[in-house]
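Next up, some structures in C-alpha cells.
Next come two complexes built around chain A: one with chain B, the other with chain C.
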Partner chain A sequence: MEDLRPDAVPGGSGSAMEEIVGESINRGLLGAPAEISIAAIETGGEGESSRHKLSLGAKFAIGWMVFVILFAIFAKLGIITWGDPNESFTRCARRGPFSEEGSVSGFLAGCDSNGRNMMARLALGAWSSLYVAIGAIILGFTIGGTLGVIAGYFGGKVDTFLTGLFNIFLSIPGVVLALALVAFLQGSAEQAQDAFLSPELILIIAIGVVSIPLVGRIARASALSWTQREFVLAARSQGAKHRRVIIKEVLPNVLPAIFSISLLGIAIAIVVEGTLAILGVGIKPPTPSWGNIIATDRGNLFTSPHIVFEASMMIFFTVLSLNMLGDVIRSRFDVREGVL
Partner chain B sequence: MSKPKPTDIEKRVSAAGSTVTQSSETLLEVSDLTTYFRSSRGLVRAVDGVSFKLDRGKTLGIVGESGSGKTVLARSIMGLLPRSGLERNGSILFEGTELIDFGPKEMRPYWGAQMSMIFQDPMTSLNPVMKIGNQISESIREHLDVSKQYAKELSEQLLVSVRIPEAARRLDEYPHQLSGGMRQRVCIAVALACGPKLLFADEPTTALDVTVQAQVLDLMATAQNERFMAMILITHDLGVVAGRTDEIVVMYAGRIVERADTKTLFSNMKMPYTEALLKSIPRVDQPSHLRLSTIPGRPPDLVNPPEGCKFAPRCAYAQDRCTQEEPPLREITPGHEYRCWFPVGTPEGAGALANNRAQGTTATGLVFQEPEVATTTRGDG
Partner chain C sequence: MELTKLIARRAVQLIIVLLFVSFFTFLLVRLLPGDPTDVIIPFGTAAKKAELRSDLGLGKPFFEQYADYLNNVLHGNLGKQYSSGRPVSDLVTQSFPVSIQLMIYAQFLALLFAIPLGIYSAYRAGSRADTTINTTGFALLAIPNFVVALFLSYFVGAQLKWLPTGGYAPGWLDPLFDGTRGADIGEHFNYMLLPAITLALGQIAIYMRLLRSDMIATLQENFISMARSKGISNRRILWRHALRPSSLTLLTVVGLNVGALIGGAVVVEVIFGIPGMGLKITQAIFSREYIELQGYVLVIAVLFVLINFTVDFLYTILDPRIRRGRSAT
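Take a look at the complex of A and B:
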C-alpha cells in the first residue's frame, strides 16, 4: 500500500506542488486568511484572480525601481548624498561595510580601494548608469519604434530595406558596435572641440544606436500583425491618410509591445554601459557609474570583494526588476509572447 | 473657404443624395472588370469580367460561396486592394467618373464620403484601443470641415440613428464594452458618417447572432431609405438577400453566372448553381431531421479553372458540351442574364436532367442527385 502512494498523485509532486505552496505563501504574506491558503492547496489554487493582482516579485520590482530612482535623483540633486563620492579617506581604503573602520566612519557600504565612500559612489553611480541607459533606450525607442512601425505598416520595398538595415546592425555584436561608435564620436568631438557631445551623450548615442534594431524589429513585427486587421482597412475605407492610420490605429496597439521591450532594453543598456566601462570607454572616472566602479576595482576582487559585489548587486537587482516589470506590462496589455 | 453652416452639413450627412432628383439614374456602372493577383502559382483570376449597373438608392445583392470573388469584387471597385501583384482592368464608372486608374491618393476623397464599406466581423473592424466616439468623428473630421465639438454631436446623432441606447455615454466607451450586434451598429454608424452615396456591406451579418441579424439588416435598410443611398449587399446566404434587394448577382469562380431582379431570380432561376444555392438553405416547412442538401465538390482553382463551364464539375445538369465550351452570359429576357447551356426550367434543362438521371452520372462523372427544390420553391418564390 505504501508503495502505491507516489503514484496516487501523478505529477502532483515537484514543481506543481511547489507552485501551489508558493502561491499559498504569497497569499499568506499578502494578508489573506490562513483558511483560504489551505483551501487553495486542497482545490489546487484559483489562478484566475492572479491576472490582475501583482505578484510578490512584481511588487519587489516596483519597490526596487522606486528606491533606485530616488536613490539616484537624491544623490544627483544633493538631497541625500551619503557623503562626498570623491573624497578619499586613505585610512578606510578597501574596508568593507562591517569592518571596524567602516562602521565607525559611518560608511554604510564601506570604501573602495581609494578610500572613497561606497554608498555615495553607488548613489551617484545609479544616476550615471540610469541616465545613460534610459537616454539610450529613449533614443532606440523613438527611432527604432518609428522605423519599425513604418516598415511593418508599408511592407514591400520599405520593409525589405529597413529589415535589411536592422539585420546588418544586428549582425555586428552590440558591444563592438557601441565601442566603435564611442571611439568615432569621441574622436570627432575632440577634433571639433564640441562641448555639446559630452561623454554621457556619446554613450547614449552609442548604446541607443545598438538598441535601434532591437526595438525596431519588435515594432515591425507588431505593426505587421496589427496592420492586417480589418479596422485598419476600415479606417482606410473611410478615407484616412496613411499618417493618420499609423498614428491613430496602428501605433496605440504597438506601443505596449515596444514599451515592454524597452524596459528590458534599459536593463541591457545598463549591462552594456558596465561592459564598456570595463573596456575603458564608459563614464570617465572619477564620475562614478556602476560599471566603472566594477571596472576600477576588479583587480581587488580577492582582497576586498565588497566593492565589486555591491555594484554588481545594484546592477543585478535593477536588471531583474526591469525584466519583471517588462513581463508585467506585457501580460497586462495582452501582448502575445510570440512577437518577442 | 468659410466653414459650411452646420445645417448644410446636417443635410449632407443625414440625407445624402436628397438634393439629387430621385430618378433611377445610374450611380455605378462596372463593365468587364477583371482583378487578377500574381502569385507564385500563377495568375489568380479572382474577378473575371464582371459587369453590372447600379442605380441610385437601389440595392444589389451579390451572392456566392466562399472564394467566388465577392469580397475581392467589392474591394476592387473601392480600390482598397493592396497594389503589389494586382492586375485590375475594365471600367468602373462612378457618377460618370472613371475610377479604374485611380490610386489611393485620387480615391481618398471618395472613400467614406462617396462610398463606404461595412465589414464582416465587427470584432475586428473596430480599433480596440480607440473610443467609439473618436472612431466615428475621425472620418467626419477627415471629410467635412467641422469643429471637434460639432463632430462629436454628429457622432452622437449617428449612434442614436443606429438605435444604440444611451448614445452619449457610448461615445466614451471602447469596443470591448459593447456586444457584437452593438459593435456592428457602430460600424454602420462609422460607414454612414459622411453620407456616402454607395454602401458596400460585405457579409455584414455573418459574424452575428441569428437573432440580431434581422435587426441589423432592417437597420441598414432604414438608413438606406432615409439617405437615398445605393447599397451592395454581399452574402453567401440567399435568405439574407431575399426581400431586401432590388437585383441579385450570383457569382461563381469570379464571374457572374446569373443576374436578375430579386423576384425573377427566386421564382424563375435559370442557372443550376443558383438552384443549388437555394436548395442548401434549410426550410421551415421541411421536417427538422431532414439532411441539408449540399453542393458536392469545391469551388474551382482560380489559377487553373476547368475548361468549359466552371460549375460543370459540380452540376447535376452537366453534359458534354458544358465541359468543352464555356456558356456566354446571355440576356434572354430583359434584365435577366445567365451563363448556362441547359438552363433550369427549359426543355434543354429538362432533357439534360433526364439524360443524366438515366445514366446515373453527369458528363463530368458526378453521381446524379435530383435537384428537387426546383419544383417545391417555384410556387412560393
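Take a look at the complex of A and C:
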C-alpha cells in the first residue's frame, strides 16, 4: 500500500486525523500481521456473523437520534408542542426537577430563569442546533467530499494543490477559524445590510468551512486507495470517461468513509455551535438552541442547575449517539481512516 | 545528505504555508465590504478613520497592501487596538504565555492519566477493565469542554469551595511574574487547575485509545516474546520495552492536538476568566477590534504550523522505519 502521509504536504502541517490516517496505513505497510491480530482482538474473535448484529449501544444511538429528530421536527411543525418557548410563567421561574420546591405540574422539565418552559425550549433548541449542524456538514460534505475525491482520483498537481489548501485551513484551529469567520460575516452582513446572510446561515457557513478540509482529507485518502484498484483500471481501459469512473466506480466506495466522518462532523458541529453560543456569537436569543440555553443560564447554575444540566444532557447523548453510529458505519464498511 | 535535502524541502513548504496563512488573515480585514473603517470604528471621528485608512494602506494596489502587511508583521508590528491605541504585539506578549501555560498543564495532566490507562488496557485487552476504561473514554469524548468547565466550576469551585471558580494569577511564563514570592505560584496553580483538568479530560480519551491500539500491536512483536522468554517481569516489559516503540503516534498526536487545545481553550478561558488568547479573541470580536483579532489568529496559526512542522519532522527522524519506508518509495 502506498504511504499516504504525503511528502508533498506543505510544511507537513495537518490534523490529528492525518496522523491517524498515516498511522494506520504505515502499520498496514510495515506490520500486516499486527493489523490482523488487532482485528481479531477487537471483534473479540466472534467472527463475521456478530459484525452484522447491532450492539446495544448502537441500538440506543439509533433510538436516541430518532427521538431527537422527531422531538425537533414535531416541535417545529407544531404537531406536538409544549407551548410557546418564549412565554414566561412567573410561578415556574427557576424551578425544575432538581430544585427544592420541585417542578410545577405541567412543566416536566421545569423552567428557565425567565420562567420559560424548558421542554418547549429544548425541543426547539434541538431544531436549531441540528439545523445548523446538519446544514454545516452538508456544506462540508458536498464541497469537501467533491474536492477530496478529485484530489485523490487525479493525484499529481491537482492533489498537491488541494491538499495544500486543506492544510492551510487546518492550520487554524477550528473554533478560532469559525469565530473569525462569524465575526467577518457578521461585519459584512451589517455593512451590506444583507438580509440573506441570516445569523443561522452565517453559522452554517462558518462551521461548514471549518469542516471542508476535514471531510476533504478523508475523501482524498479513501479515493486515492480505491483509484488504485483493478476495477477502476478496468473501467478506464474500457474507455470510460473520468467523470463516469468517478461517479460509478470510485464514489460509491468512498461514500461510506465520507458518511461516517460526516456523522462525527455533525457531532462536532453541535459542540462548536454550543461553544460559539457560550462565546456569545451563536444563534441569537430569544430563538433557543442547546448552546444558547446553556449560555443564557450558566450564571444560574448555582441556583437552578436543571437548566444547564438538561441542555447539556441533550448535547451529550446526541454527540455520543452520533459518535457511536459513525463507529458502526466505519466498522461495517471497513473504513480504516480516521479514529477521531 | 538525504536529511539536509529533506530539511530544505520541508522548509520551503513551511514558508509557502506561512505565506498563505498570513494572506488569509490579511483577507480577514481587507475583504470586509464597503469601507473597512466603517466596520472597525463605526463611530470614529473622520480623523481616526483617516488614520486607520493609512495604517491599513487602503487605496494602494491590493498586493502592495499585502506586501506592506507582511513587512509589518515580519517587523513585529501587528497594528494596534483602536480603542486604547496599544500595539497588538504588546497584547499578544501578555496573553500568549497565559494560554501556553494552560496548554502545558492540560497536556501534562492528560498524559499523566492516559499513559498508565492506555498501557493497562492494552495489557488486559478484552478484559472487563479494558472495556470499562474504553467505554468511559468514549463517553468522555462526547462531553463538550464548556459543559465540563461549567460543572467543575459549579461542584468543585462553588459547592465544595476547594478551588476558585475563576480568575488568574501570573505564573512562571508571564512577564508580570515575580519569582521571588513562593506563594504566588501556588495561587497560579489554584487558578489553573480546574481549567487544565477541563481541557485534559477530552484529551485523555484520545491519547489512551491511541496508545492502546499501538501498544497492542507492539505486544505482538517478536522482541516482546523474546523479553518474556528471558523472564523479564511484565511491568518491566510494558514500561521499558513496549512503551517507547508504541508512543510515537501518541507523541505526534500530542503535538498536533495543540490546535484542538487552542480551540477548546477559547471557551475554557472565557468561562474561567483567564486572560489568555482565547478570552482576548472573544473580546476583540465584541469590540470590533478586527486588527487585534487578525493579530491573534495569525499568531495562533503560525504557532500551530510551526509545531506541526517540528512534530512531523521529529517523527521522521525518530522513527527509522518511516525514514526507510520513505526513501524506498
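What we mean here is this: the second predicted complex is superposed on the first by the 280 of 340 C-alpha atoms of A that agree within 3 Å, B and C clash if a C-alpha of one lies under 4 Å from a C-alpha of the other, contacts with A are read in each partner's own complex, and residues count from 1 in each chain.
We take it that a contact is a pair of C-beta atoms (placed from the backbone, for glycine too) under 8 Å apart; a residue touches a chain by one contact, two chains touch by 3 or more.
Just so you know, these numbers come straight off a predicted model, no measurement behind them.
Peer 1: Let me test your reading of the model: by the given contact rule, A:A192 touches which partner, first (chain B), second (chain C), both or neither?
Peer 2: second
Peer 1: Considering only the touch criterion stated at the top, classify A:V176 as touching first (chain B), second (chain C), both, or neither.
Peer 2: After superposition on chain A, A:V176 lies in contact with chain C alone.
Peer 1: Which partner does A:P252 reach: the first (chain B), the second (chain C), both, or neither?
Peer 2: first
Peer 1: Applying the document's definition of touching, compare chain B and chain C: which contacts more of chain A?
Peer 2: C
Peer 1: With the two structures laid over each other on chain A, which partner does A:N323 touch: chain B (first), chain C (second), both, or neither?
Peer 2: second
Peer 1: Of the partners chain B and chain C, which touch A:A240 in the superposed model: first, second, both, neither?
Peer 2: first
Peer 1: Taking the superposition as given, does A:G274 touch the first partner, chain B, the second, chain C, both, or neither?
Peer 2: second
Peer 1: On chain A, which stretch or stretches are contacted by chain B in one complex as well as by chain C in the other?
Peer 2: No residue sits in both footprints.
Peer 1: Show which residues of chain A lie in contact with chain C when the two form their complex.
Peer 2: Within the complex, chain A touches chain C at residues 2-3, 7, 9-16, 18-20, 23, 26-27, 29-31, 33-35, 37-38, 41, 44, 164, 167-168, 170-177, 179-180, 182-184, 187-188, 190-192, 267, 271, 274-275, 278-281, 294, 298, 301-302, 305, 308, 312, 315-317, 319-320, 323-324, 339-340.
Peer 1: Note which residues of chain B are touching chain A in the complex, please.
Peer 2: Within the complex, chain B touches chain A at residues 78, 80, 84, 104, 108-113, 116-117, 119-121, 124-130, 134, 138-139, 142-143, 187, 190-191, 193-194.
Peer 1: Given the complex with chain B, which residues does chain A contribute to the contact?
Peer 2: It is residues 156, 229-231, 233-241, 244, 248-249, 252-253 of chain A that touch chain B.
Peer 1: Spell out the part of chain C that touches chain A in their complex, as residue ranges.
Peer 2: 9-10, 13-14, 16-18, 20-21, 24, 28, 31-34, 38-39, 125-126, 138-139, 141-147, 150-151, 153-154, 158, 206, 209-210, 213-214, 216-217, 220-221, 249, 252-253, 256-257, 259-260, 262-264, 266-267, 270-271, 281-282, 285-286, 288, 290, 293, 296-297, 300-301, 304-305, 308-309, 312-313, 321-322, 325-326, 329
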